[in-house]
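Listed next: structures, encoded as structure tokens.
Shared chain: subunit A. Partners: subunit B in the first complex, subunit C in the second.
So, the complex of A and B:
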């Protein structure tokens, strides 16, 4: 079977999982249904021959699920009432989506065929990457040599996130001394 | 058998064996980042998940005795500074920031190759693993503090 068939199967499974996650009443079951979406993204990266992205996506999905389950399993403090459906809003949304789809049919025709990108930069990386950097894994040679500024930015984002989390904990525990000395 | 904190004895026994294998696998992914799929981010998340596994199985108090959380935070901060230092060494040796000034040494497809890329992978692995674990640790303390109200 071609890759597109498998991708359509995986993506329809992901859409089904997200609809189930919206409709379920129990919060834990809903979190596990969200996990289908992340694992589906990981599997579709594997089908598109991007194992680096698949590994990172898979691990971060596990990480996010553990944090979500730990945060919500103790007490169910999110009680949402069933909201009334605004029929005018739903109609406007559907009409807008259909209009956008029909107006962008010409763009779909002008796109290159699936699996045939027209990017000259990536052609250069494929041809010269191993010789320039000496790295056999071209993804690593891009993120740590050609685009190392990008990685520096990601590290800065992570550093700032940790500082923010620790600052919030310090503020919260200022009144209680027992938590302060745990850090 | 007295259960002080954490999960049951079965989970603790399995964790005691498997955590070291998970940490070893994370170190392998980090060190071979320039040869096989993976790298600093993926290996760092694996090591952080090993620490998280230990924290879920044995409880928060055991982790506080076993590792020094502020030391992990120091590792995380100093590896960010080390990344910048390697970038500035690139200015000194090759002329521009984050230049791969060691790329001529080593042979392709061997562990010793690719110049500064393995070094940067190790730095990013230390940064990501310790950073994610410290975030989870901070969030767990926050949760306890909120529940006591």
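So, the complex of A and C:
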């Protein structure tokens, strides 16, 4: 079967999985169901000839599952409470999103067709990458040589996000300590 | 073309979740779905039909390789997404400790 058929199958499965994950009432089940989408993306990366990305996406999925389950499993209210769902908001949102979808069809028609990318910059990287950087894996040669400053900036963003998460979690423990000291 | 549209539908499902859901965990999961769809879309743009992965081997010429540039950019983007998810989860846990709920409408009412 051609790659496009496989991709249509996998992405349709991912859309179904994401709708199920969003509509399930039990939050733990929806966290598990979101794994369908992540692992589907991983399989799609394999079909699209990106093995590095498939491995990274797989690891991301496992770590995200661990973080989400670890953070939310101890909470008593892990059942979503039946709340008065604003039906008008849901209806208007669905109609608007369907309109956005049909209006955007022309944009996707104007893009280069699937399987024929514009490879103006990448042709240079592919032709000269091994000679310039000495790396057999051309993705690595782009990350660590041609676009090293981009990678530095992205690592800074990652560092800031982790620092922010640690700070937010740490405020709790420090305030608890101070309360205990006051007591 | 069909693949692009399906991937765009996945992005819209994530947007739908962000707009209509009231539970903070569902909103974090919807953001994750949008991130998956954006990454997948970028890799779809770089696929060349019949090409192989961009790793040099014996008997492989650069003409039959897929576009390595989106792969390099998405590789770091996935890792950043993990950091952002961790930060959002930390924020949600802190909000739960303060308000004892994940419902965003109740959080708004208590703060006012």
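We take it that the second predicted complex is superposed on the first by the 139 of 183 C-alpha atoms of A that agree within 3 Å, B and C clash if a C-alpha of one lies under 4 Å from a C-alpha of the other, contacts with A are read in each partner's own complex, and residues count from 1 in each chain.
The criterion applied here is as follows: a contact is a pair of C-beta atoms (placed from the backbone, for glycine too) under 8 Å apart; a residue touches a chain by one contact, two chains touch by 3 or more.
Keep in mind that what you see is a predicted model, and the values were worked out from it rather than measured.
Undergrad: May I ask you to decide whether A:34 touches subunit B, subunit C, both, or neither, giving the answer as first, second, both or neither?
TA: The second partner, subunit C, only.
Undergrad: A:132 contacts which: subunit B (first), subunit C (second), both, neither?
TA: The first partner, subunit B, only.
Undergrad: Pick one for A:26: touches subunit B only (first), subunit C only (second), both, or neither.
TA: In the superposition, A:26 contacts neither subunit B nor subunit C.
Undergrad: Count the residues of subunit A touched by subunit B and by subunit C, then name the partner with the higher count.
TA: C
Undergrad: Look at A:62 in the shared chain and tell me whether it touches subunit B only, subunit C only, both, or neither; answer first, second, both or neither.
TA: First partner only, subunit B.
Undergrad: Would you check which partner chain A:71 touches, where first means subunit B only, second means subunit C only, and both and neither mean what they say?
TA: both
Undergrad: Just checking: does A:119 make contact with subunit B only, subunit C only, both, or neither of them? Give me first, second, both or neither.
TA: Second partner only.
Undergrad: Pick out the shared contact residues on subunit A: the ones touching subunit B in one complex and subunit C in the other.
TA: 51-52, 56, 60, 63, 67, 71, 75, 130, 136-137, 139, 143, 151, 155, 158, 161-162, 165-166, 168-169, 172
Undergrad: Okay, in this complex, where on subunit A does subunit C touch?
TA: Touching subunit C: residues 3-4, 7-8, 11-12, 14-15, 18-19, 21-22, 27, 30-31, 34, 37-38, 41, 44-45, 48-53, 56-57, 60, 63-64, 67-68, 71-72, 75, 77, 80-81, 83, 86, 89-90, 93-94, 97, 100-101, 104-105, 108-109, 111-117, 119, 121-123, 125-127, 129-130, 136-139, 142-143, 147, 150-151, 154-155, 157-158, 161-162, 164-166, 168-169, 171-172 of subunit A.
Undergrad: Along subunit C, where are the residues that touch subunit A in the complex?
TA: Touching subunit A from subunit C are residues 1-10, 12-17, 19-23, 25-26, 28-30, 32-33, 36, 39-40, 43-57, 62-63, 65-69, 71-87, 89-94, 96-97, 100-103, 105.
Undergrad: Note which residues of subunit A are touching subunit B in the complex, please.
TA: 51-52, 54-56, 59-60, 62-63, 66-67, 70-71, 74-75, 130, 132-137, 139-141, 143-145, 148-149, 151-152, 155-156, 158-159, 161-162, 165-166, 168-169, 172-173, 176, 179, 182-183
Undergrad: Which part of subunit B faces subunit A closely enough to touch in the complex?
TA: Subunit B reaches subunit A through residues 29, 33-39, 41-42, 45-46, 48-49, 52, 56, 64, 69-70, 73, 76-77, 80, 83-84, 87, 97-98, 100, 103-104, 106, 108-109, 113-117, 120-121, 124, 127-128, 131-132, 134-136, 138-148.
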